[in-house]
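Just below is one structure, and these are the notes that go with it.
The chains carry the letters A, B and C, assigned in the order they are written, with residues numbered from 1 in each.
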């Protein structure tokens, strides 16, 4: 007990012995406070969402607990969010099936089949610009191009394609990095055995780059799962699941959209449901993100 | 020797015109000849290359499409006498009276972004310095993980929290507090009644959403500064904070600059969270507690109804075009920072 | 032994990084105005010993130390005097030249400014003096505000020496200062170090026996963290007493 106090006193006297010592100490203290301010919103948001939403996901009652995920909202929106959950899953699945191949093939092309030069620079530049475009601009574009110009109408296809466009920059860039990280010697070994470039790329290089690729895919899915703005004008909304791919039966709900709709509604029980949906969405997104991080860390360890 | 030189030079000059067309023909036909001549493996490779070409240009194509469609949709308002390029500075937005001045929204976005950047940049860079220079190893991983998770939280969830927690807080605690406290009550930017939906709310939630980006990128930039620069400084008798301030930060400046610019781009383009908390009023805000309307919000709110007047829809797309151009500029500037870093320091 | 103002002495020094022992019970004495070479094969703890002298190892959280390091008669790991003052009096030059990404002039004035020198005239005087001592003045005197990283490797290292000298430390530590340089620059810097011993005490880490022989007066041979021999360099190189020393000198271990 006494020694701790002594240690503290020695520390304090060491730290104040000169102006330079004190400035150093002060600087560190202020920055420590700053980092605490920086991370605090995470806990604030989590606590708020969880405290009210927890009951929705784990409680008991009509439209609550397991029923929260298995029942549709129904007439007074007093049911669950099955429409949104199924909607998000379907949108992501469709978006991934278009966005991932496009991005991966594109990344393969610019990394394996081109020299550093014009082609590569243009595609990389386009990808970087796409990454920075606001989500509402994607929504407006989806509306003008997919819904209007191509007459796809609002619904599953228009919504998924818009999301697919948003996935491209992330997946393309991370796949490119993953491919770049594969040592040249692997490719050379395969080619030296007489394999074609095509088969080398798919059987050797991509396999080696797979963890990095998966990380990028998961990150893109995580990001797109939480997007609202692109879907507002392209996916419509629905209290049940879509029955067709295009047309009026294809209107689909999504979790972020539902959060927005419910939180904007004055009815108290909808506010509560919004929290529940937000909690579920947060858990989904954070899980995807954590898995992506674990995979990416395993990659670094293996390569090193 | 000189005779053969002359002979060699002249025929070349004469044949240039004809041989250019020859060369072009060759460039087109060579690949086809190569393809026909190739064996199975060669053919696979060549087909594969073509197959992959299309997706590669997909992203380029999409950007061009986005720009094209935004431009097409926005053109009517710029060419129509009721609108014209002057809408960018015109202050009144009233579709019912054919008035499409979008300056309110540009100013709203500008103010909101300035507040957000003013809060997020010092805090973010400070946090990054702490993480990079002073953080004990045990804490570094957890803090970085939390930062990454913060970046992953969807903007609608931030919006929900801001709407349910921050807005009432501003209305019930912050505004009355600042307005009754003699130290701050006189300040012009704290005046005004408010229900919480305000410029301040938008700025703060934006700042919170920008922090993870700034911290992560700035921290990466600081980590890239070679360790032996720090050692040289410490060996001369500098303290750790002096080393951080004088050496490390200036060495990492390009990376930090890129982080700030990227954050700017995100701030301007953020939609859902800001939509819920800024109050969406068509008046220019004069105090922090006044409501405001940002570019992303007006599009979100009105695109669904804008089919009523064709110019209305066009004006909204014009705002989208402005947003798109701004984001391209920010991306370009960030790339320039990166290039600056590579050139003068060999790393970012 | 005259009254000690600067003598550096190490008594029963043992150090650890975490559980790994690096230096084992080292005792030796670095005389004023001489060049002492600390030599030995890679990984034997030479750099650790050097860094213990200016407390640079404090930066590593797992660092632990037993024994004493005396500077001017006082144990630097115990006294109340600040570590920043200590490092002002013990300068260091590193293996890879590490000029700050600033102008040549700013590199040299960095140290003095930290320790309170503000007068412009005094600062310019310090810049000229330090650069002259490092045999760099004639080459750069017209380009003092050009960026330091643009200099050649050898010039950068001489700049780092000038920078270390700018705060007038009685002792200069050099951690393999020429191993990253070309032979011509290396030779210039070796001559420079020999010149400097008139005014400073130099402690040099090297894994190159010939360099130690060329340049130093005393040598300490370290092997796997233990001090095997410590004596005049010429004696150690020409007549090593321990078989490990002999193996190192003749190049069988390195």
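The criterion applied here is as follows: a contact is a pair of C-beta atoms (placed from the backbone, for glycine too) under 8 Å apart; a residue touches a chain by one contact, two chains touch by 3 or more.
Owing to the predicted nature of the structure, the values given are computational and were not obtained by experimental measurement.
Central chain (C-alpha centroid nearest the global protein C-alpha centroid): B. Interface comparison, A-C versus B-C: the higher count of C-beta contacts falls to B-C. Most remote chain with respect to chain A, judged by CA-atom centres, is C.
Centroid to centroid, with C-alpha atoms defining each point, chain A and chain B lie 17 Å apart.
Mean C-alpha position of chain A lies 52 Å from that of chain C.
Between the Cα centres of chain B and chain C there is a gap of 48 Å.
Chain A has residues 20-21 in contact with two or more other chains.
Counting partner chains per residue, chain B has residues 239, 242 touching two or more of them. Along chain C, residues 84 each make contact with two or more other chains.
Put simply, chain C touches chain A in their complex at residues 80, 82, 84. The touching residues of chain A, when paired with chain C in their complex, are 14, 17-18, 20-21. Chain contact summary for the complex, chain B toward chain C: residues 136-137, 226, 228-229, 231-239, 242, 246-247, 250-251, 344-345. Every residue of chain B that touches chain A in the complex is listed here, in rising order: 41-42, 44-45, 48-49, 51-60, 62-63, 65-66, 69-70, 72-73, 123-124, 126-127, 129-131, 134-135, 143, 145-150, 152-161, 163-165, 208, 211, 215, 239-242, 244-245, 262, 265-266, 268-272, 276, 296, 299-300, 303-304, 316-317, 320, 323-324, 327-328, 330-331, 335. Touching chain B in their complex are the following residues of chain A: 20-21, 23-24, 27-28, 30-32, 34-35, 37-39, 41-42, 44-45, 48-49, 101-106, 108-110, 113, 119, 122-123, 125-141, 143-145, 149, 165, 168-169, 172, 196-199, 201, 222-223, 225-229, 232-233, 256, 259-260, 263-264, 271, 274-275, 278, 281-282, 285-286, 289-290, 293.
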